[in-house]
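Listed next: structures, encoded as structure tokens.
There are two complexes below, and they share chain A, which is joined by chain B in the first and by chain C in the second.
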Partner chain A sequence: MPKLPPGLSSKDFQEAIRQFEAAVGKQWVFTSDEDVALYRDSYSVFLGEPEEIVASAAVAPDTVEQVQKVMKIANTFKVAMFPISTGKNLGYGGSAPNLSGSVVLDLKRMNRVLEVDDKRHFALVEPGVSYFDLYRYVHERGLKVLLDLPDPGWGSPVGNSLDHGVGYSTGEMRDHFGSHCGMEVVLPNGELIRTGMGAVPNAKTWQDYRYGAGPYVDGMFSQSNFGVVTKMGFWLNPQPDAYLSGTVTVSKHQDLIPLVDTLNYLENSGITNGMPQLGSPVYGGPFAPPDPELGALIGKPGGATPAELEQYAARKGRAYWSCGLQFYGPEKVIAAQWEYAREKFSSIPGAKFEEGPSYKFPLTPDQIEKSHKVTVGVPDLSIFMIGARSPFNANPSHGHVWFSPIVPRTGQAILDAQKVFTDASRETGLPLLAGPAPLPSTYYKRAFIFIFGIMVSTDPAVNKRNREAFKRVIKIAAEKGLVEYRTPPAFQDDVVATYSFNNHSLLRFHEAIKDAIDPNGILAAGRYGIWPKGMRAKRA
Partner chain B sequence: MIGSRIQRAVLLGSLAFAPAALAQTPTDAQLKKGQEVYQYWCWNCHGGGTGKPGTEALQAKYNGTRPADLEQRTDLAPAVIKTFVRKGVSIMPIFRKTEISDAELDALAVYLARNTKAKSGN
Partner chain C sequence: MPNRREFLQGGIAVSLLPLLPRKGSSAAAPRAFDTVIFDQRFPKARVFAQQAQEAGLDCVAIQGDITNLYFHDLSLRWNRGPTTIAGLSTKASLFCLEMLARDRGMRLQYMADVLDSEPVPDIPFDVGDHKTTAMCIVGEERARLVVWVIAPREAHVREEGEI
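Let's look at the complex of A and B:
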């Protein structure tokens, strides 16, 4: 474990630590090996290897004034700092920095829900607030809002949105960064700014109007290292009267194309407003192994042809594709929306429909227990079934990293992406564990995200092989225009390198900003490929 | 640090049946605090009901020979609980002191070990 931030003498580090202690209190500066080890990425792809990216210390302020003091001290001594909110960005880096030896700026203690307004439907929170915390706040006060939640629920609205996380409810709110409104940011030099209407001392519209006057800069603080976000506003769904779900199934391989086209029309028209979920029932359940007949079919050289799968599905009485739909709103309105959706999907010959669970808000505890909780605004951790020991998985993993490419919202793009990633998996050996026909897992309103979980092993040789394969798949996919929306620190340079238009002019622009606002290069060096001037040679 | 998870597994193996540390009777305040910490941090993975990955994993591991719900266990030693929280295990991540303080972890350990009987000679 490194004992010092890069470039710092032991004497200067000790003095910086002493000043950090004076700023936040001695008990909130962590320097012992035992305490600093708590900031390791629990899902590191370098598990147990010397290359694991680890911190040198951690400092945990409780107020924005303390954050400012810490950043000023860090600037004085040129201490590399790495802010985290709840530190639960598991699969994308957890609580560890991008650069070994950084001091983690742990904002978990800043856990105040500052405001929730259920008339204008917004919240204002600090970075240490988790979705569970926000839910409790809303629930205990009986506020009439519906939270849009990611999986799992112990992340923070601030951290999740800054890493472009996505939820499950309405299209506008699923985009967590897109649905934020107003930020407070400590710049690398310790100066405090508020964006949008937060810059107007007497304005009452910080969480209502995003843009203020002049450039809209909020995007600069997502997936970046330009500031420490200490407050953030979010728009919320009003609590709807009711929830309704339904499923459309179709029987032919090529039906995926009109299925997605129709879904897009309905969702972009506001007729279906909840997160859709595409499935391939032909392959059976997501966690169960395929039956022997299907296993033989998909395991033969070249895999099963669409015609063979259609015949297999017909014999088994299974649909080929499914599309789950969700509706939030007044009961009779969403019933009409579901009716109209059925009418539109009926243009696909053989389309069948099944109505799923429906609820009136607020749900009873029994209904919540039986529901897919995140879709009805209740945070939970059931997503961790992925990789956990189960009847289907006798060898639980030691975490995972996500490979998360952005795919156009068309059926043909899904089929093309399936081929790209199936071929890439065969070529590189990267175990893309999404079944034989991967489908979108996350649904921005205007883009699909495929998500492949790569399990972390206790065998460094396996992790090394997977890291190399991960990097090769990044390049293979990028050649087809498929690039990742989010990735762990180990791969951020590689992913950012694929955003290469005009000789990487976007990254060079990011670097110009970095040099201007963080000339000492102290904040989150390397995050999403943005290295300080003196460290750019490190870039892959 | 290298191999720490393997070392952890060995450590846990040696601690799982060594509850001699339970010499002190827990106070009501400790138990109450411990239950609060459990509800806040642990229940969503380890509690009863559906969709609890920790509970389902322990059900798959012990196949009913021990309760899958942590609150029902009668064989947990405080040191084991603390090791899991501070080191993580499988997909359960590490918990930092800004999340669960040492005092809160003490209370949690007391709470989850409240039904464990000390064995003489351990």
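Let's look at the complex of A and C:
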């Protein structure tokens, strides 16, 4: 027996379901336990507990007009709705709503690639289009664009960008929301709007010029509950001639500071244009077998000093820090960029360089297999095999949630953040699985993001303990100015509470907008801390 | 033939092979699996595939990652409609396949652990009878090696008055 949406009688819910069926077709409204269970969060931190947030039903429209009808029906009956694109936002909530009993508005059937232009380098897609779908469309037509992809690549460009997802290619395109251009949105009352030049009936520039005239409102529809995005444009990389990678290594602990400064100069100047990747070879890499000598150093009271680690690295012939660089562009140009990057990094005494793989586009299938696929624009799922059971790993991990703080792009900020999170992990007992010296995992062009995986257990007591510790770490980090950019529903109120300037004036502004455009509070209640008026007291 | 619920309740073991078309058989094979997927890194999976091949089934090897299998094979098949597939893989591989299959009108219909110390469980699944309770994986549980069947979803059309 499914849950009911909050505040709805069984009779009204039945009637709403009947009207949803009339709007989208009976076979596209899902009410059986078996079907509704598919919208559970596969990585829920409430796994198997009564508090697990579950849907009551799902409705899957095929067209914008059907979305409008559904929203109007939902308003009539005050049915809580929760839109998803492809529902693959694992680690950040998956396809489950923030509010138990919500009806999932499943947009997967709206999976049309509407346009890809490889002369002006943009795409216009519906929310159910996955990165695989977009890649196939581009690949089959031989279009000369390079997709920027998250890893894994089974999500949708619309969903990923609306949750501020980040990719792996050039700085501008890695910011998936930042590289969007133009939206179509169904408002909570069912009204349809287009943003930017999409509001001009005869304009041919919807995917070229973002702003139109007047306020730029697109940001209101990301990580929010102000509308259902039904179309979205994205700028794309032109297919480059070539790709080149290289690695810089340095030998001293304090070298991290000039290493990051130089990286910033090069990336913000457009000299390196691919995603960087910082590493700490001193620790042997994430999959290195444990070294008793290193273990003893790290494990002693107070941990290893930088000098001890430098000596250890020297004995082992390892660098202390590394920085991977990637370049996309004409072969001659990127060779010159790599040469110039080496010249700049050479100001750090002892810096060493190693050239990595280079390719000409389009890559051969063999080259694709050997590459980190997402860096060359090919969607991939192999990330799910990291840590999976294999002949070499008989006891791997379960699902996880992400803890993802934003960190300034300086070497000192990284060192400070390492201390904050190492201390927080020790204080709370929360295992922040990122090794002894965590480094950025995701690289916005102007900010680092650390990403810690917190494992979901089949033991509710462990999950409960971890949830409490997670919330405590949010506060500890926020006291140091380190706050998350994205988080699962279980922690969205806590994270939003850390954005507290002037007595939470930003959240109060969001709430004022919510009250104005969704007075019945039917759309995605609670998403990123924005609750309808009647539910705010409960949150407080 | 017991249905899956009866099977689970009664603990009846039914061999996989009677459900499969035999090589050279001219009989229609309504219960056949379209593809059998096996993770060739594991000896038990290789034996499983060998049995399936001997029964005349198409087998596809993976090594954990299912990206190429999905993109170059399954997603194209599924564009034409849901299919029935079986496999022996890590649960991480199945997790990916199940998530993708459910979007195309299929459900995980059977899954059983493959333990190092015991024989591979027989698949007690009657592919011609989809009146089983489909499962979805909640929690990835990558540690497990599993034998499984994914098959077209039995459409549940709501009766009037039912929620």
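Basically, the second predicted complex is superposed on the first by the 524 of 540 C-alpha atoms of A that agree within 3 Å, B and C clash if a C-alpha of one lies under 4 Å from a C-alpha of the other, contacts with A are read in each partner's own complex, and residues count from 1 in each chain.
Just so it is clear, a residue touches a chain if its C-beta (ideal position, glycine included) is under 8 Å from a C-beta of that chain, and two chains touch if they have at least 3 such contacts.
Quick caveat, the model's predicted, so the values are computed rather than measured.
Asks: Please tell me, clash or fit, for chain B and chain C sharing chain A in the overlay.
Replies: clash
Asks: Could you look at A:Leu381 and tell me whether it touches chain B, chain C, both or neither (first, second, both, neither)?
Replies: both
Asks: Now for A:Arg40: first (chain B), second (chain C), both, or neither, which partner does it touch?
Replies: A:Arg40 sits against chain B and chain C alike.
Asks: Determine, under the contact definition given at the top, whether A:Lys108 touches first (chain B), second (chain C), both, or neither.
Replies: A:Lys108 sits against chain B and chain C alike.
Asks: Per the contact definition in the header, classify A:Glu49: touching chain B only (first), chain C only (second), both, or neither.
Replies: The first partner, chain B, only.
Asks: One more residue to check, A:Ser500. First (chain B), second (chain C), both or neither?
Replies: Neither: A:Ser500 stays clear of chain B and chain C.
Asks: For A:Asn268, decide between first (touching chain B), second (touching chain C), both and neither.
Replies: After superposing on A, A:Asn268 lies clear of both chain B and chain C.
Asks: Looking at the overlay, does A:Ile17 come into contact with chain B only (first), chain C only (second), both, or neither?
Replies: A:Ile17 sits against chain C, while chain B stays out of touch.
Asks: Please indicate which partner A:Ser32 is in contact with in the superposed arrangement: first for chain B, second for chain C, both, or neither.
Replies: second
Asks: Between chain B (first) and chain C (second), which, if any, makes contact with A:Thr305: first, second, both or neither?
Replies: After superposing on A, A:Thr305 lies clear of both chain B and chain C.
Asks: Please write out, lowest number first, the residues of chain A touched by both chain B and chain C across the two complexes.
Replies: 1, 30, 35, 37-38, 40, 42-43, 47, 86, 88, 108, 132, 154, 373, 379-382, 384-385, 387-391, 394, 396-399, 458
Asks: Looking at the complex, which residues from chain A come into contact with chain B?
Replies: It is residues 1, 28, 30, 35, 37-40, 42-43, 47-50, 52, 54, 58, 60, 86-88, 90, 94-95, 106, 108-109, 128, 132, 153-154, 369-370, 373, 379-391, 393-394, 396-400, 458 of chain A that touch chain B.
Asks: Residue numbers of chain A touching chain C in their complex, please.
Replies: These residues of chain A touch chain C: 1-2, 4, 10, 13-14, 17-18, 21, 26-27, 29-32, 34-35, 37-38, 40-44, 47, 57, 86, 88, 108, 132, 136, 154, 373, 379-382, 384-385, 387-391, 394-399, 456, 458.
Asks: Under the definition above, what is the set of chain C residues touching chain A in their complex?
Replies: Touch list, chain C to chain A: 41-42, 64-67, 70-71, 75, 90-93, 95-96, 99-100, 102-103, 107, 133-134, 136-145, 153, 155-158, 160-163.
Asks: Using the touch definition from the top, list the residues of chain B that touch chain A in their complex.
Replies: Those residues of chain B that touch chain A are 1-6, 40, 44-45, 49-54, 56-58, 60-61, 86, 88, 90-99.
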